[in-house]
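I have a structure I would like to understand better, so I am pasting it below and will then ask my questions one at a time.
A, B, C, D, E and F label the chains in the order they appear, each numbered from 1.
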């Protein structure tokens, strides 16, 4: 099967790390295509960034719908941006990395903590957790004030910080699992896992596994109500690439 | 004071009706600027439409931030699209019409019903209601399968349908107030109000009144956490107009 | 328009401060009538006080319904006492200061904190927050153990304490807005606002603005179900003034 | 032990029925005192009635606190009026009939329905159910549009209606227990029970049993925070009987 | 009346203490039968222990159903194990000690804390609290890392720890009542009560009082849906004693 | 990898169907072991049945832990019986079929309905849905009054009923996906899928896919708190096979 993983920001180094993570945890017969749009923010660290990334994300999905044959899509940003819109545009499963990691964590742990980037995204994550429905399983959100690009620039420094936050949340917040809450942390799960005695979830890997599961089961996105194809209409002044 | 009302779709007839509604309910010393972006979908009837409208919406706000002097913004689409992003981009209050109407309804009625357009937006509204926090005050969501443009094309026909739905929900769902859940319904509230004995809320008017209230109080959007100005960063391949 | 603000306790100095706050934030063409009942507790600092204040409050409203012409009522106590009963007695909007401040705060901040008086009212506020529906937006309730009359007696001392609590809750509880949770704090918002970088809400002002909004929109209290006029019946041994 | 049951309305016939119900289900060594205030509404059928009944209710409790020796209080109105205020005024348990019936029903049934009086009290009951916490156990609220005095005037007619509603809710709403939601229905439980195959709860009886339980256990109302004795203060123009 | 209290573990010393507690708080004309199964874990300190105790518990109930005449059952373990299954097997009320203590606490206190054994049962209690519906009344769960058998072995040591935890939770968590959250703590409530100024609930006593209440009221377990008698079927390789 | 699927009832024909379903949707390199205990109820249709099945289920797991080498366990009953206890007994993931199907459904549909067996299990499913956290995504629970063995006895008859219920819930309840809520329905998903235009979830298949996902990711059950290995202790009169 083919899964297209879209990094919605425009930082190719990060796309590469996401590819490694996705590929590393995928099944041998799964082909991972990993791309990022040509236009949009270099990182996503707030609501504005998120919405600015969505057109590029949609473009990437529509391009694939028209040209290539893939079986599912993964959106590789921990805010799960634009998910519902993408689901309208295709019958293939579209999977978010945050929703996937949170749901998988509940199968092996009572409560989980999310270790993520800067404090400003706390509200974005809290609303996401409510939408997913796992608020009763959340131990805490830890925001050690890292930026997304820090992970590209200082692997060792970030690793230390993530390990420290993970240890703290296990000890102080009754956390029983750790979710690394940023696609830029792809590759860190293995490192953090070595240092702590609870399961550590790579969110990109989580979404790839959910995508594989749904494709294997043959289920597609329901098109009868919430995720119907968009109504036909005119889009003024917009690149045709952005239109289904 | 000056309030800029942005219709996030690209249908000027609708912008005109929204202006009428906003102007009609505003205070004499409030100046209403009412615009729509040049690019984007002609109507918003789903998640894809919503996200496609947000760049134009942001452009309109940023243009104003740089050029004109306004005191608050109103986003005139009942899905409250892009609200959090806009709040990051300015210190001035940014108000959604759905959140405004729902909150104002709770001051004069036990339960309210939303009469809106087609069934596919039900999930969008349910998630919005949860975010606002008034789920316990909702009697029902009524979706008489109208499109946004129907309101432009057939005033009398739509009026009849809205009145019938309003009467039905009062009688069968214990509704004590009606919210007209689409910016395209601007102008219908007065008509429906004549036929039913419960308060009927025009959502655009509701948001204008909330905007006036906040401006009068001198409060601005909090910039310490969730709505901080966006992080400085590169946006590849994007019009400079879209960047704060 | 005319708004009658009723301070439900019997301390005229406080009524005066409430008037100043209401008047100061009202529109030029809004006339504020501000009164307190002749009978009832001098302050409201618990459930018993609250219920003992309600008959006087109802008397004040009914007196106005029979004699004067006003457009809306504001109940100026942060417990929002007797609101539902008052709504049964009139078609005019009846607005609570707590519900108003909490709702307005959500338009400009992710999470808000309430800085109020003594710890014993914590449960009263928690139940009120649930009724309003904004529990997911509450950062914390701060109870610095002040009494209502402290605000009349020691402006400077109280000001210092409120500023300190506001600063603490911003720093420690992720608060992004402050609500001053007592009608006795009318007048302090401006002072606290000078010292902190988040919006500070005067609750009396908030309710006046909501009242103005609803009157401008022409909506009235729904009389079809929850807030129908009281059933006709005998009230034994009660002053006729208390009967609708 | 002695339990004082206070009917908060001023209809002595109803007080008599409440006494019969309380006495009939109490233990042989429990003495039931059953009274109603001299002043207040003859029935409670809305928020205004409720608040107008509370001063008389408080008077009755305070009179007893000063004169007689009782072990617990029961407030015999299904809106549980003034409960928190009464708890502030005494160390003895103060028990509501609605909260008692709802909690006891959960021990013997998956879901329960409340059969009560007129539709207008629906919101009052919904808020009460949320405060008690048993919303997930509620099958439905049935409001056959009876007034409280109907139960005094037409026993047979009311009996038929209650039985019909009970049967309907078992069959259509998955109800597994019935709560008769009005103190005026004291005496009807036995009759309804004969006709339906699910447990039927008399609310007055439920509260008497909870009161007996708490007195036997020797627990008293906690006075450290929410239910502390009222703060000492002046109450202007109020009968001394109303002051603790 | 006769109440059978079943200690679901196999430690007779604990059964004795449970009996003392049940007997001590029961009415003079209530006969307490207190037993434990012959097979099963010596204590219940986790999910596995709980499920392993349920067959013995069911055996004890069925033995009684066939032989002796009792009026109600109490399950004396704070996890309320197997309650729903037992309710299917008999028409007599089956009462859990955790649900009883939590509900009774809400009648006399704003918020309560549970002082229990080891941290691992935290999730078990949190899910139980959600099922009962009193999450909004919980101040905290305190887990001082005691085992169930500690209470048999070191009364004085445990007493000190429980008193310390109770004092801490009153001071730091706004607790207004204490529930001793383990049947092994039967007998400690009186001791803790002497040292703290809030009501302390013995959970076994709480359940006995609820059982007495329901029996006095003549209500039985509803057999129309959730708690119908089990479907007739074959149970392979299981002792006939375990089959209804 | 090897996944052991345990049918917790003792009907080998059903075990065979479960095997077929598990095998059919598993990856080529996944080996499915499918067994049922030798003792326990022939079907699970209520709480008593559920608890009676758990010892056999535990025995099956412990036998495997001691003898064979598997990578994960699936419990194939839609009540997800004994899951938490099993998680205490092993480090390998233990997956329930109900939780798996509900979570996977949320990735491709706004709301899902569960079509299951008889009405009496409604409460069991409602509590399960709350524990999983997806109550806001539930359209309805449909209980066409089938028994588990009906699926073994009358394939065509059951198929018709399931298809009719699925069509009804799509049309009337806004369902966008169907979950077949009984392990006995293994094999029916494909048939129902042919007749309806929304995704249909086989619950056994769902759990196998989640198990594969977690094994591929290398995560194990967290052993630090809720799912620690059971405390060492004596189990009186119990087969050693049942002890870890």
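Convention: contacts are C-beta pairs under 8 Å (C-beta built on N, C-alpha and C of every residue); 3 or more make two chains touch, one makes a residue touch a chain.
Note that the structure is a prediction, hence the values are computed from the model and not measured.
Common contacts of chain E and chain F?
Touching chain E as well as chain F, we find A, D.
Can you check which chain pair, A-F or C-E, has more C-beta pairs in contact?
Top pair by contacting C-beta pairs is A-F.
Could you label the chain A-chain B interface same or different, taking same to mean over half of its residue numbers are used by both chains?
Because over half of the interface numbers appear in both copies, chain B and chain A meet with the same residues.
Rounded to a whole Å, what is the gap between the Cα centroids of chain A and chain C?
44
Using CA atom averages as chain centres, what separation in Å is found between chain B and chain C?
Once rounded, the distance between the two centres reads 28 Å.
Please compute the C-alpha centroid of chain A, do the same for chain D, then give the distance between them in whole Å.
Taking the mean C-alpha position of each chain, the two centres sit 53 Å apart.
Where in chain F do residues touch two or more other chains at once?
Within chain F, the residues that touch at least two other chains are 87, 110-111, 119, 122-123, 130, 136, 174, 225-226.
Taking chains as nodes and touches as edges, what kind of graph is this: line, ring, star, complete or other?
other
Could you list each pair of chains that touch one another?
A-B, A-C, A-E, A-F, B-C, B-D, B-F, C-D, C-E, D-E, D-F, E-F
Give the list of chain E residues in touch with chain C in this complex.
Listed in rising order, the residues of chain E that touch chain C are 110-111, 136, 174.
Can you tell me which positions in chain B touch chain F when the two form their complex?
Where chain B meets chain F, its residues are 119, 122-123, 126, 130.
Which residues of chain E touch chain D in their complex?
Listed in rising order, the residues are 25, 27, 87, 93, 95, 99-100, 103-104, 106-111, 132-137, 170, 174, 176-177, 197-202, 205-206, 209-210, 212-214, 216-217, 219-227.
Provide the residue numbers of chain B that touch chain A in the complex, in ascending order.
Within the complex, chain B touches chain A at residues 10, 38-43, 45-52, 54-55, 58, 82, 84-85, 87-89, 119-120, 122-124, 127, 130-131, 147, 225-226, 228, 230-231, 233-238, 242, 244.
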